[in-house]
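Handing you a structure now.
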Amino acid sequence: MAVDTEHETDDATETVTASVVGASGFTGGELLRLLAGHPNFELAEATSRSYAGKSVGSKHPPLRGTDLRFTEPDDLESVDVLFAATPHGVSMGQIDEFFDVADTVVDLSADFRLDTEEQYDEWYDGHDAPEYLERAEYALPEINRENLPGAELIAGGGCNATATILGLYPLVEAGIVDGDQQIVVDVKVGSSEGGAGGGEASSHPERSGVVRPYAPTGHRHEAEIEQFLDTSVAFTCHAVDMVRGASATSHVFPSEPVSKGDLWKAYRGAYEDEPFVRMAAGGSGVYRYPEPKAVAGTNYAEVGFELDPSNKRVVVFSAIDNMMKGSAGQAVHAANVALGFEETAGLDFAGLHPVGAP
Amino acid sequence: MAVDTEHETDDATETVTASVVGASGFTGGELLRLLAGHPNFELAEATSRSYAGKSVGSKHPPLRGTDLRFTEPDDLESVDVLFAATPHGVSMGQIDEFFDVADTVVDLSADFRLDTEEQYDEWYDGHDAPEYLERAEYALPEINRENLPGAELIAGGGCNATATILGLYPLVEAGIVDGDQQIVVDVKVGSSEGGAGGGEASSHPERSGVVRPYAPTGHRHEAEIEQFLDTSVAFTCHAVDMVRGASATSHVFPSEPVSKGDLWKAYRGAYEDEPFVRMAAGGSGVYRYPEPKAVAGTNYAEVGFELDPSNKRVVVFSAIDNMMKGSAGQAVHAANVALGFEETAGLDFAGLHPVGAP
Amino acid sequence: MAVDTEHETDDATETVTASVVGASGFTGGELLRLLAGHPNFELAEATSRSYAGKSVGSKHPPLRGTDLRFTEPDDLESVDVLFAATPHGVSMGQIDEFFDVADTVVDLSADFRLDTEEQYDEWYDGHDAPEYLERAEYALPEINRENLPGAELIAGGGCNATATILGLYPLVEAGIVDGDQQIVVDVKVGSSEGGAGGGEASSHPERSGVVRPYAPTGHRHEAEIEQFLDTSVAFTCHAVDMVRGASATSHVFPSEPVSKGDLWKAYRGAYEDEPFVRMAAGGSGVYRYPEPKAVAGTNYAEVGFELDPSNKRVVVFSAIDNMMKGSAGQAVHAANVALGFEETAGLDFAGLHPVGAP
Amino acid sequence: MAVDTEHETDDATETVTASVVGASGFTGGELLRLLAGHPNFELAEATSRSYAGKSVGSKHPPLRGTDLRFTEPDDLESVDVLFAATPHGVSMGQIDEFFDVADTVVDLSADFRLDTEEQYDEWYDGHDAPEYLERAEYALPEINRENLPGAELIAGGGCNATATILGLYPLVEAGIVDGDQQIVVDVKVGSSEGGAGGGEASSHPERSGVVRPYAPTGHRHEAEIEQFLDTSVAFTCHAVDMVRGASATSHVFPSEPVSKGDLWKAYRGAYEDEPFVRMAAGGSGVYRYPEPKAVAGTNYAEVGFELDPSNKRVVVFSAIDNMMKGSAGQAVHAANVALGFEETAGLDFAGLHPVGAP
C-alpha cells in the first residue's frame, strides 16, 4: 500500500484550529504535546473539569514551556478539529455536542471503532449513538488510508488491537492467513494503558516488576481485531514492567507451507511505502526483532517475524508505543491524512538509544 | 556492643501468642510473614477492618499457604504480644485498649518514638497519650539493647532514621561526630515507604524511574535522628525506582583529622558483635559499599564509609530494607530481645544474589 | 501425587557434606546460600578457578557472614554430595572425576536432562558421556518423585522447561492434553537466565525495559518439554525487565470441551499435596494468577488457568523463580528426596510482599 | 544572561557538513540522531572501526530509516564540523588530524574541558596536546555563551558537572555562594554514563535496582565544577536504576541568611531567557522539583530549590538527560551558537509524559 499523496495540500503552512477534550489524562497530554509541535495545528483549548484554571505544564511536564491552561469542557468554543481523549462511553453521549463545535471529530476512545450496535451490545455496554457508527472511519492509515481523506468522524484504534493488526495484516492480505487457522496472540503492555490515577493494582509497589496476566481471555480488542482481519484470534494480555509500549506476538499456523521469501514478500508488499512502519526480522546486533523500547515516544510500529519449520509456525512480532501509534500519534496521523497535511507532520521523533523502560 | 545473651531463655521452643493489628498493610503483612515463620511465636489474629473474613494470602501472596483470615479489630482476643502496624496517630489513641488485651505492645508507627510531648507538638500534631512516652523503649537493639529486656511498650524506629542512625552512631560513640559539625544526609527510598494504596504520585506510570525530591527539607525523621545522636542533621529524601530499601549517605566533616584506621576502629567497636550489621567499605568486586538490594528481604543493615582527604570529609553509607530492618524486622528483633528469645530467631533470611529492584 | 514420606530419615539432624563446583556463578551462589542454611548439609568447598582464594561473600553478598573462600576446582576433596553449577557441556566431560569425589552428583546444567544421545545430537553439540544418560534422574519431584530416592546422578531441569511442564503436566495426566493438539507456549524470562558476565545485549542500558524476543523459535527446552509431556509445543521466549523469574503462558485447545470443574479437578489431583506448588486461578485482589514476583526467592511454583469458551481454549499460567524452582532450589529439593531428608528442608522462604522486580 | 541572537544567520536554511567520530557509542549515536534531524547540518560520515560497513540503524534503532553506514575512521573526508565522541584520552592524541579535516571540532570527551595541563596531571593522566587547552571553549552556553560564536574547538562539559554547575551557578552569580562555604553535592546517575559495552558491574542482573555509591569521593568532575564556580565541592555519585539521567542535589549553607525571594531573584536572573532551562521549585502536582525523567530525551535542564530555615540551608536540585544536555545535546547547542544557527535548532523535543525510566 503506497503512501497516497494526492490529498496533500500545496501549502505546508496551512493551519487549522484544534482543541482537546479530556486533556489532563495521559492520551490527552500526548495530543497536546503533538499538536503544540505540529506545523498545521493551532492549539485552542485543553479541557479538564478537574484541573480547569491550572497550567497544562503543571500536569504534563513536557508542556512546561507553554502558557496554555486547562478550561472547563462546558466552555468549548468552535474549532476546526476536536480531539476527544475521554474514557470509553463518554464520547458516544456527547458526540452531537462535539459536532456542534467542530467540523471534524477525532475520538480516541472505543466508542466508534466497531461497525455495529450488535458488537457494542456483545463487547461493551451497548451504544448511545449507533447512527454515527457507519459514519466513523477507523484511524489506522495502514489499513484504512483510502477512506480517511475528508472523514468527519475518526475513531482511533485500540492500542493492543493496533499492534496485533499491524503484525497480522500482511499475512491476511497475502492469503497466508485465511480465517481457518487458530491464531494465538500474546500481548505485553505497559502501565500507561491503565490511564492516569489507577488503584491498588497499578500502584508502584504492586505494579513494579510484574508479568501479570491482566486479561487472560475475553479482551475487548478481540472484537476489533476480528473485524479488520476477518479471522478469530485467541488473545491474552500480560502487564509487564514498562510504562509505555505494547508488544504483540502472534503465533500463526498456515494451512500451506510458507517460506521466508513468501513472508518478506508479504510484509514488503504491505509496508515498504509506509512512513511509520519499520521492519525488524533477524539480522545482527541487539535489536533483531521489534521491541517496544525501540519505538518509545515515536509513531513508528516495528514489525517482524520468524519461521518455525518444526512446528509449521510463523511467529509475528509487532511493537508500538501504546500512547503514540496506539493512540495519540495514530490520531494525529489520521488527521493529517483526513485534512490533507503532510502525513508525517508533527510526528517525526525517531526514538532514543539507549533507553530504559519508557 | 556485644550481643547480650543473659536474657535468653533456656528453652528455644518456648512460644508466646501474638496478634497483628493493621495486618492488611505492607508492614502488617511483613509481621504476619515473620511471625508465621518464627519458632517462638504462635500467630493468633490478624486484624483488618477492610478485609475481615478474607484469607491473609489473598492480600499477601507469601502467606498463601496459611489458613489465617483477617478479623475485625474490635474482636481482638487476649494475647501475650500485640504488634500494631497502624498509621501514625492511631496507636496513641488506642494504646489503653492495646494493653487491655496484651502484656507487651510493639508499635511500628511514629507514636511512641520520641521522648517528649513537646517533640510531638513540634514535628507531629501533638500526642494523645503522653504519659506513655517515658514507658516506651526505642526498638533498635544496636543503640538500645540494654533497655529492651522486659520492656512492655516498644516503639519501632522510622526507616530513614534507622538507616541514618546506624550509619552515624559509631562516629558519635567514638567522638568523631560531636554535635558541632554540619552533617548532610541524603536518603534514597523505595515506594513501599508510602504504604499500600497510594494516589497519583505513587501510581506506576508516575512513580517509575524517578529520582524525585519528596522531602527536600523538614522531614520528621530529623527529630528522631537528633534525639538519638545528639547532633543536628540537614536531611533530604529522594524517591528512587525500587519498592523496598532505604539508603542513607551521610557527609560528615570532623573537627579533627581522622584516618581510615580510626574509622575502622569506630565501626568495628560498635558493630563487630552485632548479628544484623554487615560492614562493606571498599574491597573488590561489584558490591564494595552498602546497597539496599544486597539486604532486600533481610533484617541486615549494611554500613560502610569512605574518606575524602581533599575535602576533610567522611562519607558514610548505610543501607537497609525499609520494611525489615526499618520496620517489621526491627520490631521482631526487639521483641526477641525483650522476651528473651534468640536474637536472630525468625530473621535468618540472608538475601538474594542476583536480585533486581526488590 | 502425594508427598512420599517413607524415605525420610528418622533423624532430622543427620548431616552430609556437600561441595559446589562452579560456585562463583549465579546458580552456584544460590546453591551456596541454600546449603549454608540447610539443616542437613555441611558445606565443604566452593570451587571457582577465577576467584580461588577470595571470600564467597565478596561475590555473593548474602554470604558475607560466612568464612568460606573459593577453592581451585582441581583441589576438590571427597564429599557425600557434589553439586555442579558449571556451564552446559562441562559436566559431561568431568562426570567421572565428579563421581571420584562424591557418591551423589546433582548437575544443574543441561548435560543429563535428556534421555538419549540422539537428542543431544539434535538439540546440542552431541554428548561426551552418553553411558550416563540412563543413570540420570530428572530433578523435578512433581513429575519424578518416585525415581529420586537413592538416585546417584540427578539432572536439574531447565528453568523454562520447568515452568512449562508444571503448567501443562496436570492436563496431560488428566488426558485433556493428549498430544494431538497444537499447544503454544509463550515464556517471559528475567536477565539472570543469561548468567553472570554477559555481553552487550545483557548490559543494563540495552537490557532494561525490554520485551525482547530472544528465542523466537527452536529453543532447546522444547526437547525437554516434549520428552516429559509426550506432546509437541510451539515455544517462544521473551526477555522482560526483571532479574529473576520465568513465567510460562500456555495456550491449549482441547479436543473435547472442558469445564472449569474439570480443570480444577486436574490441577488439584496433581498438586494438592505438593509442598512447593501454589494454585492461583482467579479470585479477588491484585494477585489472581501466577506471577514470578510473587514467588521470587522461593522454591514455589504458582500455577493457574483460565477458560476461554469463545475460542475453546484453556490458558495456563505458571510462574517460578528461575534461580530457585528453575535451578538451585529444584536441585536441593531433589537432593532432599534422594537422600531422605525432609522435602522442604532449607527451602522454607515464602517470598516477599510487596516486592519490585527481583 | 539573555539569549544572544546577534550571531544568528539570516538564512535559517544554511547548511554545513558534519561527521561524527566514534559513532557507534552511545553519545555518537545521539549525535547522529540529532544531526540527522537538524535543519542546518548535512551528515557526512559516521566512523566506527568495529562496525565499519554496517548500517548505523543496526546499532542505533532510531536511525533505522537512514541509509548511512559506518565508515573507517582513517577514511575521514573534509567537512565543516567534526564531532568527536571518542573515549577520554583519544581526542587529545588526534586533535591535529581532526583539524586537518574540519574547521570546527566539537569534542565530547574530557580532553579539553580543563584550563591547564596541571589539572590534567592532577585529575587525569596528563595531557598530550596542552597547547590546545587555551583555544578550547567550554560548550555550556548558559555559562559561556559569549565565547562560543566563532569558536574552533569546543569542549563538551561532563554530565555530572553540567548538572551541578547549572544548579549552583545562579547562587555564585548572586554572591550567595562565595567560595567560603562547604557545599555537598550528591549526584544520582543512570547506566548510560558508563557507555556501551560494560563489564560485570553494568550487567543487567548486577546493575538493576541499585542505589550504588560508585564514586564516593575524588570524582574527576570536581575539578570541572570548581574551575567554573570558583568554589570547592564535596562530591559523591550514586548509580541508580535508570538508563538516562543525571540528578544533582546540592546542599549549600550560605554565610548570610537568604529568603525564597532572594533565591527566585537569583535563578530568574540567571535563567529567565535561557531556552533550555526550566524552573521547578515547589508548586502543586506530582512534578514539583526537577526530575531526570521529566527531561529524558530532551536538551532541557530543570533547576529548582528549597529553603531549610532550621538548618540555614539551601537545597538545590538540578536534573538533565546525561546523553543530551549532559553530552550530545549540549554539543549541538554549542555548535548552533558557534556557527550562528538558531540556538534551539534540532533540539526541540520536549520530552514525554508519562514515561518510565528512560
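Observations on the structure shown:
Labels for the chains are A, B, C and D, by order of writing; each one numbers its residues from 1.
The working rule: a contact is a pair of C-beta atoms (placed from the backbone, for glycine too) under 8 Å apart; a residue touches a chain by one contact, two chains touch by 3 or more.
Please read all numbers here as calculations on a predicted model, not as lab measurements.
Although subunit A and subunit C share one sequence, what matters here is the overlap of their interface residues, and that overlap exceeds half of the numbers used.
For subunit B, the chain whose average C-alpha position is most distant is A. Judged by contacting C-beta pairs, the busier of the interfaces B-D and C-D is B-D. Rounded to a whole number, the gap between the C-alpha centres of subunit C and subunit D is 46 angstrom. Separating the centre of subunit B from that of subunit D, both taken as means of CA atoms, is a distance of 39 Å.
The set of subunit C residues that touch two or more partner chains comprises 26, 190-192, 196, 200, 205, 208-209, 241-243, 291, 354-358. The touching residues of subunit B, when paired with subunit C in their complex, are 26, 29-30, 33, 36-37, 54, 58-65, 190-192, 196, 242-244, 278, 280, 283-285, 287, 291, 294-298, 348-358.
Considering their complex, residues 26, 190-192, 194, 196-198, 200, 202-205, 207-209, 241, 243, 356-357 of subunit D touch subunit C. Considering their complex, residues 182, 184, 186, 188, 200-201, 205-206, 208-213, 216-218, 222, 232-234, 236, 238, 240-242, 245, 247, 249, 251, 253, 286, 288-293, 306-308, 310-311, 313, 315, 317, 319, 354-358 of subunit A touch subunit C.
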